[in-house]
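What follows is chain A paired twice: with chain B in the first complex and chain C in the second.
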Partner chain A sequence: MAEQGRYLYAVCRGLTPAAVDGIVGLGGRRLDLVAEDDLVGLVSPVDLDEYGEEGLRRNLERLEWLEEAARGHDAVVQAAAAIAPTAPTRLATIFYDDDAVRQRLREQHDAIVAALDRVEDHEEWSVKVLTRTVDASPEPVAVLASGAEYLRAKRAEQEARLAGDRDAHVVAEQVHEALVAVVAASRRLPPQDPRLAGHEGTMVHNAAYLVHRERSEEFVALVQGQTEAHPDVVVDARGPWPPYSFAMLDDT
Partner chain B sequence: MSSPPLATPTAASPADTQPIALVDLLDRLLGTGVVIAGDVVISLAGVDLVELRLRALLRTVQEDS
Partner chain C sequence: MTESDLSRPAPAATAYQDRPQPANLADILERVLDKGIIIAGDIRVNLLDIELLTVKIRLLVVSVDKAEEMGIDWWRHDPMLTVKERGLAEENQELRDRLEELESAQGSGSGKGSRQGTRQGSRGG
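After this line comes the complex of A and B, so read on.
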C-alpha cells in the first residue's frame, strides 16, 4: 500500500463527529476530525503516490484529475459549511500525519478563529458583470467599396466596442456600490479567461460578496433590481456558496 | 447571437444552491486568478514545497474546446 498522507479540507468550530457522519472524502475515503483546542480539522487519508509532491506536480496539470479533486474538496467544504463555521483550505493541503495537522491548528489558532468569526452565519455570492455581445458589423465587409472604407468601418467598430466596455465598467461600479450596502465584505477577483469560463462579451467585474444568511433575500432582491436597471449589461449572480473568498486559510 | 445565461438567483435557501462552475471553484481553491496567471503553491507537511505552473492546464482547456 502506498504511503498515506492527510488531506485537510477545512477547519471548523463546533463540529461533532456525528455531524459529519455520511460525508466522504476524496476517493470515497473516510472523513476524520482532528481536534485541537476549540478547532476541528476535517481530514481524510490520501495516497502520497497521488498527492505527494511528485504526484501533485503530475496530476494538477490533468484537468480531469483537477476537476475531480476540486469537486471532492468542495463537497466536503459545502457539507461542513452548512452545519458549522468553516474556513476552507487551499486545494491539496496535505500533511504527513495528524500531529502535523494539530501543530498547524495550534500555530495558526488566532488567525483561524478570526476567519471563523468573520464568516460565521455568512455565505458567499459571486457577481459578475459582462458586456452584451453586439452583432459584429451589420454590413458584410465585402460590400465595402474600398480598403479605406473597410479600415474606417473596422476602426469604428473597435471604438464602439471600447466605448461599450468603458460604459460597462461604469455600470459595474454602480452595481458594486449598490450591493456593498448589504454585504459584510467584498473582494474583487480578476476577470476570468473566456477560454476557461466560456463567456462571450467582456467580463468587466468579477467579485465575491460575503452576505449574512439573514440578508440573503435582500441581497438577491438588490441583484435583481440591478439586473433590471442595467439591461445593457449581463449581471451574472451565483450562490450561495461557502465563504471561500473570505476565510481561505493561507500561509502567505 | 447568444449571451451568457443570465443566472439570477431565484432563492437563497441552501437547497437551491447551484453547483459551482469549475472555473469559479478554481479561482477560489487555488488562489486568486491563479489559473490565468499560472502559479500555485502546494503545502506539504507545513512547508510550501512545490511551485507549479498551470499553463499546461490552460492548454488542455483550449484543446478541449
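After this line comes the complex of A and C, so read on.
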C-alpha cells in the first residue's frame, strides 16, 4: 500500500465521532476526527502517490481529477456544516500525520475560533444576476439584401446587447442592495466563465451572502421578490452552501 | 429554474441535502480553491505550480474580457490576483528589457546592426 497522508477537510467545533458516522471521505475512505482543545479537524487517509507533492502537481492540472477532488471535498464539508460550526480548509490541505494536524490547529487556534464565531449558525447563498438571452432570430438576416445591410443589422444587434448588459448591471446593483439588508456579510466574486458554469447570457453579478439560519426564509423571499421585480434579468440563487466565502482567517 | 431552486427553503437540519445536485463546478471551484481557511499542510506543492494552477483556473472561472468590457473591475482589488498579475507584468517587462539589451548588444557586435546580418554571419562561420 502506498504511503498514507492525512487530508484535512475542515475544522469544526463540537463534532463527535458518532455525528460523522456514515460520511465518506475522498476515495471512499473513512473520516476521522483529530481533536485539539475545542477544535476538531475532520480528516481522512489519502494515498501520497496521488496526494503527495508529485502527485498533486500532476493531478491539479487535470480538470477531471480536480473536479472529482473538489466535489468530494465539498461533500464532506457540506455534511459537516449541516451538523456543526464548520470552517472549510482549502482543497488539498494534507499532513503526514495527526500530530502535525494538531500542531497546526494549536498554532492557528485563535484565528480559527474567530472564523468559526463569524460563521456559526450562518449559511452561505450564492446569487447571480444574468442577462436574458434574446431569442436568436436568424430570418431577418437571411432576407437582407446586401452585405452592408447585414453589417448594419449586426452592429445594431451588438449595440442593443451592450446597452442591455449595462441596464442589467444597474439592476444587479439594485438586487444586491436589496439583499444586503438581511445578511450578516456579503462578498462579491468574479463573474464566471460560461465554459465552466454553463450559463447563457452575461453574468453581471456573482456574489456570496452570509445569512443567519433564522433569516434564510426571509432571504429567500427577498430573492423571490427581486426575481419578480426584475423580469428582464435572471436572478439565480443557489444554496445553502457551507460558509466557504466567509470562514477566512483574518490574515488571508 | 430560479423558482424551483427556491421553492423549498428547507429547515436548517436538512438544508444541505436540498442544494441542487450536482452543484455547478464553477461554484465549487471558486469556493474550494481560494476560500475557506488557508493553513499550510505538510505537503507543499511548489508555490509556483499552485499559482500557475490558480491563474489557469481563474482564467477559466473569470470572464476577464467580458467583465472589463462592462467596466466591472473591482476584482482587480483582489490581492491574490493583483499581486500575481503585477508579478507577471513585471517579469514580462523585465524579459522584454533583457531581450532588447541582448539584441542591441548583438547588433552592435556583428557590425551590421541587423538580425539578418547576424544570421548571415553565423551561417558563414
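Everything below uses one rule, namely that the second predicted complex is superposed on the first by the 241 of 252 C-alpha atoms of A that agree within 3 Å, B and C clash if a C-alpha of one lies under 4 Å from a C-alpha of the other, contacts with A are read in each partner's own complex, and residues count from 1 in each chain.
Everything that follows uses one rule, which is that a residue touches a chain if its C-beta (ideal position, glycine included) is under 8 Å from a C-beta of that chain, and two chains touch if they have at least 3 such contacts.
These numbers come from a predicted model, not from an experiment.
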Chain B and chain C placed together on chain A: clash or fit? clash
Open item on the list: If we overlay the two complexes on their shared chain A, which of chain B and chain C does A:Ala247 touch? Say first, second, both or neither.
Closed with: second
Worksheet item: Touch check for A:Ala115: first (chain B), second (chain C), both, or neither?
Response: second
Tell me which partner A:Gly239 touches in the superposition: chain B (first), chain C (second), both or neither. both
>> Tell me the contact category for A:Gln103 with respect to chain B and chain C: first, second, both or neither.
In response: first
Touch check for A:Asp21: first (chain B), second (chain C), both, or neither? neither
Should A:Arg132 be classified as contacting the first partner (chain B), the second (chain C), both, or neither? first
Regarding the shared-chain residue A:Val11, is it in contact with chain B (first), chain C (second), both, or neither? second
Check: Between chain B (first) and chain C (second), which, if any, makes contact with A:Glu3: first, second, both or neither?
Finding: neither
Going through chain A, the residues touched by chain B and also by chain C turn out to be 5, 52-53, 56-57, 60-61, 66-67, 70-71, 73-74, 78, 82, 88, 90-96, 100, 104, 126, 189-190, 192-193, 195-198, 216-217, 220, 223-224, 227, 234-241, 244-245, 248, 252
Chain C residues touching chain A in their complex are 1-3, 5-6, 9, 12-17, 19-20, 22-46, 49-50, 53, 56-63, 66-67, 69-70, 72, 74-75, 78
Touching chain A in the complex, chain B uses residues 1-12, 14, 17-18, 20-33, 35-37, 40-46, 48-50, 52, 54, 56-58, 60-62, 64-65
Given the complex, residues on chain A that touch chain B span 5, 52-53, 56-57, 60-63, 66-67, 70-71, 73-74, 78, 82, 88, 90-96, 100, 103-104, 125-126, 130, 132-133, 135, 189-190, 192-193, 195-201, 206, 208, 216-217, 219-220, 223-224, 227, 234-241, 244-245, 248, 250-252
Within the complex, chain C is touched by chain A residues 5, 8, 10-11, 48, 51-53, 56-57, 60-61, 66-67, 70-71, 73-74, 77-79, 81-82, 87-96, 100, 104, 108, 111-112, 115, 123, 126, 162, 165-166, 169, 188-198, 202-204, 213, 216-217, 220, 223-224, 227, 234-242, 244-245, 247-249, 252
